[in-house]
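Okay, so here's the structure we're looking at.
The first chain written gets the first letter, and so on, giving A, B, C, D, E and F; residue counts start at 1 in each chain.
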Amino acid sequence: MEKPRLIREDGLRHDGRRPDELRPVRISIGVLNKASGSALVEYGGTKVLAAVHGPREISQRHILLPDRAIIRCRYHMLSFSTHERKSPAPSRREIELSKVVRESLEPVVISEVFPRTAIDVFVEVINADGGTRTAAVTAASLALADAGIPMRDLVVAIAVGKVSGTLVLDIDEAEDMYGEADMPVAVAPSIGLITLLQLNGVLSREEFSEALKLALKGASQIYEKSREALRDRYMKVKVEE
Amino acid sequence: MEKPRLIREDGLRHDGRRPDELRPVRISIGVLNKASGSALVEYGGTKVLAAVHGPREISQRHILLPDRAIIRCRYHMLSFSTHERKSPAPSRREIELSKVVRESLEPVVISEVFPRTAIDVFVEVINADGGTRTAAVTAASLALADAGIPMRDLVVAIAVGKVSGTLVLDIDEAEDMYGEADMPVAVAPSIGLITLLQLNGVLSREEFSEALKLALKGASQIYEKSREALRDRYMKVKVEE
Amino acid sequence: MEKPRLIREDGLRHDGRRPDELRPVRISIGVLNKASGSALVEYGGTKVLAAVHGPREISQRHILLPDRAIIRCRYHMLSFSTHERKSPAPSRREIELSKVVRESLEPVVISEVFPRTAIDVFVEVINADGGTRTAAVTAASLALADAGIPMRDLVVAIAVGKVSGTLVLDIDEAEDMYGEADMPVAVAPSIGLITLLQLNGVLSREEFSEALKLALKGASQIYEKSREALRDRYMKVKVEE
Amino acid sequence: MSHTPSPGIITPKLKANTIVNMIKKGIRSSGRGLTDYRPIDVVVGYVQNADGSALVRLGNTVVVAGVKLEVGSPYPDTPNEGALIVNAEFMPAASPTFEPGPPDENAIELARVIDRALRELKAIDMSKLAIVPGRRVWIIYVDIYVLDHDGNLVDASSIATLSALLNTTLPKVEVDESGNVRVEKNIRMSPLPINHKVVTVTVAKVENVLFIDPDLDEEGVIETKLVIAVSDDSRIAGIQKSGSGGLTEAEILAALDIALKTGVSLIKTIESRVLEPTLGLSTNTLGQ
Amino acid sequence: MSHTPSPGIITPKLKANTIVNMIKKGIRSSGRGLTDYRPIDVVVGYVQNADGSALVRLGNTVVVAGVKLEVGSPYPDTPNEGALIVNAEFMPAASPTFEPGPPDENAIELARVIDRALRELKAIDMSKLAIVPGRRVWIIYVDIYVLDHDGNLVDASSIATLSALLNTTLPKVEVDESGNVRVEKNIRMSPLPINHKVVTVTVAKVENVLFIDPDLDEEGVIETKLVIAVSDDSRIAGIQKSGSGGLTEAEILAALDIALKTGVSLIKTIESRVLEPTLGLSTNTLGQ
Amino acid sequence: MSHTPSPGIITPKLKANTIVNMIKKGIRSSGRGLTDYRPIDVVVGYVQNADGSALVRLGNTVVVAGVKLEVGSPYPDTPNEGALIVNAEFMPAASPTFEPGPPDENAIELARVIDRALRELKAIDMSKLAIVPGRRVWIIYVDIYVLDHDGNLVDASSIATLSALLNTTLPKVEVDESGNVRVEKNIRMSPLPINHKVVTVTVAKVENVLFIDPDLDEEGVIETKLVIAVSDDSRIAGIQKSGSGGLTEAEILAALDIALKTGVSLIKTIESRVLEPTLGLSTNTLGQ
């Protein structure tokens, strides 16, 4: 990929978006048959599938906990989801993101209801165009809801970046690769908790607070779309019944 | 290995065999001391050792079954058994053949007699000159018999190939490498069941039925030799007793 | 490293030592907070840390023994401890030395006192300048004592080498690399048992017995220093109490 | 080591009996016959970053296959040809019984069966895939991911593989004077050169009855199955008996006849789905 | 797969309550305040065979970091720059709960957080690390080993990493006419070129109280923590929220202010420890 | 991690006592004395595809060793010499207690002990194994497989290794003007150049009695053993104390004397078996 001009003369971004504009967001819930819950989430060209199995018993009994369900999470990229083919062995990046995505879900799952069980979350990145971990969090949260897991709130996530000196919402791969900073944020809006926060890049104190505000603004739009998708899903299920 | 002329002007094969002729078959039963049963089978230059341990308890209890013994099988090549040295790590080919050999034995082992146990079959390819999986099936079947495992029938196996347009029995490595098709077949002759069938190559419908008949003909010769070897073995044991 | 002149004209070694002279030995006991026992042992530039956890229960129950504690031991080199960076994967050398070090400790640990438990010994080579396995044995033995594990005797170890035709005590890396033989020896002096003996190189029968005597002489010096270090440690602990 | 598998999610005895009895009468759930496939959906170009891709639904079974083209060194014995590498993974999302980790023996067998059929039939014209003859060639990675498992994974994977290959285009390459290769993925020159099309047809056996395209419940009752690769010119391009049972000679020949007939028409169906513009199918979902 | 961790060595309920109550009053064991670090010892040059090294004690936490320089090939997209590879291992010696084996997710996260801070800040001047431009460059391996675990491994590791890098010198290299590189490790030419210094400051949260440098007992009661990388010029060079809880927007901003203030002075402390001759510290022990 | 092994198949107490009592009287099963080997069979050339091979029976212990020669790059510090790589595997066929999988510590120790003896003695003349000096040399892979385990695997493996090396021949090689090497495996030029022959003699200890070649039952009662590599010119080419016990200085010296005496005559036995035509031994079985 060659470096595009990230901020054009008219102040818009290389794909024509305003700095605070999301890419098109598409959400489908309940797309899989054999999983307890599932969701397919797209942020522009990024396409992520999340599936939930459980709560269930597992053979590795020794990792279970007596007073709550454990969450197990795997963030995984299909080999052809990236520009260069990804080798099938788990990368260090995937191992880190599996942890980071799991920890973004822990604060909202009411795990005490299912002691001695595991809730398994499998994230598959089908196509990667920036923001795969944030799309993963949103998809995982919706898959948990689809599986009927009780939750304190939905968690939704979005990244803010700094490109050519400008803070921009929902960066794509070109902006991530050639920009100065990438800051993914996950939030449970109704309970006011930020459950994932990473900064990959360098920001001043002022830039950071501005960036965080921009992320929360974008997240609230994703939140609305997510709730809408859930509403549609449940109504459809009801009608089908 | 350079490509030999596979079918000579006189219609015979590169090693002088007729198209429907087996290589010399040698069978030794009970060759190992510490295994429950064992057999060494040679088809020409191909030499395969099979050993059986069990029925026995194993530490991986969770894979055992309540109503039958499980069969575990490993097809493995010694590093110096092939032209190029084989790396010690299990290859995808070895993993597939372990399954295929196991599934060729499943229909004849009366596994219900030993619930909650494992019957382990270890196949070691000592020298590979074509037909290692078929020699492996024959050897494994004889090792099971030597171990006293009750069986519905012996399973014996042989490959048919298509070389230079001709269907030939018991192909060797040169014929496999430079031929058009390789079709290994395992059969339990007395109960009329084909328990392994693979085709690696392209055949017409007519060629296939002809090839299958040729394989069954070759298998019946291996079957006779196998039963003879078992008879010899048992008589010898009796005499020694 | 370029080959130094190993034995100088004055009969001394490349670093000025006499053939039967040890490098400076430094011993610190109880250097770690979270381990049951620990010791840091230096032979010249070689620096080895040993830590003991246990006796304790472990999750791999099936390897425990009903009548004694098992000893588990890992000899491990930090990646930057050697001239060339050591890859983090366990080398065959590390696997062998883990066994050899464990077997040097087995005869002195009174393991019958703690049936169905594991005593874990972790050896970390921090800097390698020859003699890491012998420093490891001494450190491990002191860490066991520091952990309060009952022992029949301390085990201490030292290597003898043959360089430029001369038998020398406590060889360093240059002497190991360019010398003719390396012979590490571990001994429990009070009970008169040699618990580790390896010879890497070629010796005549006469050279061997001379080398063994030299090793035992060196070991007795290490033994004195070890007991001194233990006395200091216990007195200090008592004073602190 | 391969071992006798535990039955995954056990089909209750009563249900199993019902399934077997219906099959013996030639009837199956949703009314299809013994030699009918379930409905097939194909969405090609599902994955933007792949050089070719297809999402396939076969009933409730969902498979995505993607093709990546990389510049690499040829095998020493075929210096002027491209190379093909086929992998398959059964994703844990697809079934509560699938574990994350490297491919197990079933996934490896599936990939190798599909690989052999393509290879033996010379389905791809490898001689057109040398870039710098003897030195740099196209390596074709076909990666198959099972996303939802409702039975017959081999046929669904073979359909996805053929569709993804038909969807694959070669990017522009430039070779400088010292032989370095530069790929411009944004400029697409030509489709992947295909000599032959091939699919597998899996014929299942229960109590001497043969039928195709078993769903997951049916797989719980079958004794064994024969996977038969069928080429667009009605030849047999590979066979794999799979499962713990056996077949008679007559059953094998009957299975072949079913496969040859079904396979050729299946290839035609796939061709039309791949080449015609997608009607009524959204790339926004898993092809539902 | 990442899974909810089991509590390691469980802090008894009563003790845990005491810790929380004291933190809420702004008091901690050994009398330090909410934004005080435990005593820090730094021994540079601890490992003779490393090209740079440091042993760091942060209270009872002990970490050793070493730098190895190897001649290697550059990354294709930065042909004229050196490369940095950071690894971390939690040694089983350090805690009864650590198992031998390859780094787990916590060690990988730790290494990646430190790696990213160095990389994003361009802390090392990689453009000065080409040996034969386009072909041979210095590969900098930073390996971090946790030897004793009494909490706050990230900050202790980041202090050890910075100290080891400041202790690192480049050996003499000779390049012959055909481009072969010969390294003379015995002759040291110059220190590693450093543009910026950076440390992490970990801010922990329990019941809405923020504090830094949690020890192991305190880690048993905290809900979550924010690891903040702070540069010598007071910028934020990386953030990682870690742990199963969440934070409010206000808490995050407050944590940042604590980190910026503490981090800059911590860097000064490290600089003075590294550059001044070591006083009263023996290399014969683990820095006690 | 190495751990105290579980006793494999436990020798019943009574039988163990009998074995020990007999050894103390200098008597062993089948009437052999303390310094007698069990019968030794050697079949060289057992594996057609190997460049050298031998099947060895030592009593009921069976080991096959094979040599493969590959063209490869020399080690940087010995650019004009071949290289030797020794591996050993204990096959699960050989004992109910052996598990399939990569070599465990016992197999690794065995291979390394044999490797060191060959290497330190310069048993193979590596200087004659360069093909294109500095660039292409012969890599000698010795792979040892234990097929039946009735004790004393090290000595059986060392006999098999020596026999296989003596059976090894170098194929014809052609080097073209650009330095490419072409091997013609069908044309054999000369035997592998051997400087020295070496075998190990394992001396076992139980209650202060020393004896050689323990069988499996005897291994169940011994305290420790000393593996001593002996060269054809009566030198000690390596030692490895193995097992959980210890030995006195006097015991070690006594063991050495036994080994030196036994080893030299063992080498002669092997030479005669390898060089003379095989009498009465069939390659059709495992050497019985």
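Here is the rule we go by: contacts are C-beta pairs under 8 Å (C-beta built on N, C-alpha and C of every residue); 3 or more make two chains touch, one makes a residue touch a chain.
Bear in mind the structure is a predicted one, so any value in this text is a computation, not a measurement.
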Legend entry - Fewest touching-chain hops separating chain A from chain B: 2
Inset, instruction - Please identify each chain that touches chain A as well as chain D. - result: none
Inset, instruction - Would you kindly count the fewest steps from chain D to chain E, each step being a jump to a chain that touches the current one? - result: 2
Inset, instruction - Give the label of the chain whose average Cα location is farthest from that of chain B. - result: E
Legend entry - Relative to chain C, chain with the most remote C-alpha centre: D
Inset, instruction - Using residue numbers, check each pair in C-F, B-F or B-D against A-D and return the one sharing over half of the contact pairs. - result: B-F
Inset, instruction - Would you mind pulling out the distance in Å between where the CA atoms of chain C average out and where those of chain E do? - result: 31
Legend entry - Centre distance in Å when chain A and chain E are each reduced to the mean of their C-alpha atoms: 28
Inset, instruction - Express in whole angstrom the distance between the two chain centres, defined as the mean CA positions of chain B and chain E. - result: 58
Inset, instruction - Pull out every residue in chain A that's touching 2 or more other chains. - result: 74, 120
Inset, instruction - Among the residues of chain F, pick out those that touch two or more other chains and give their numbers. - result: 1, 100
Inset, instruction - If every chain is a node and every touching pair an edge, decide which shape results: line, ring, star, complete or other. - result: ring
Inset, instruction - Moving around the ring in the sense set by going from chain A to chain D, list every chain once. - result: A, D, B, F, C, E
Inset, instruction - Report the residues of chain B in contact with chain F in the complex, numbered from low to high. - result: 26, 28, 31-35, 38, 40, 42, 45, 47, 49, 51, 53, 56, 74, 76, 78-83, 85, 88, 120, 122, 124, 126-129
Legend entry - Contacting residues of chain F [partner chain C, same complex]: 1-4, 6, 105-106, 108-109, 111-112, 116, 120-121, 224, 226, 231, 234-249, 252-253, 256-257, 260
Legend entry - chain E contact footprint on chain A (complex, rising order): 63, 65, 68, 70-74, 92-93, 95-96, 98-103, 106-107, 111, 118, 120, 181, 183, 188, 192-205, 208-209, 212, 216
Inset, instruction - Mind listing the chain F positions that touch chain B in their complex? - result: 46-51, 53, 60, 62, 64, 66-68, 70, 87, 89, 91-96, 100, 102, 141, 143, 145, 147-150, 185, 284-286, 288
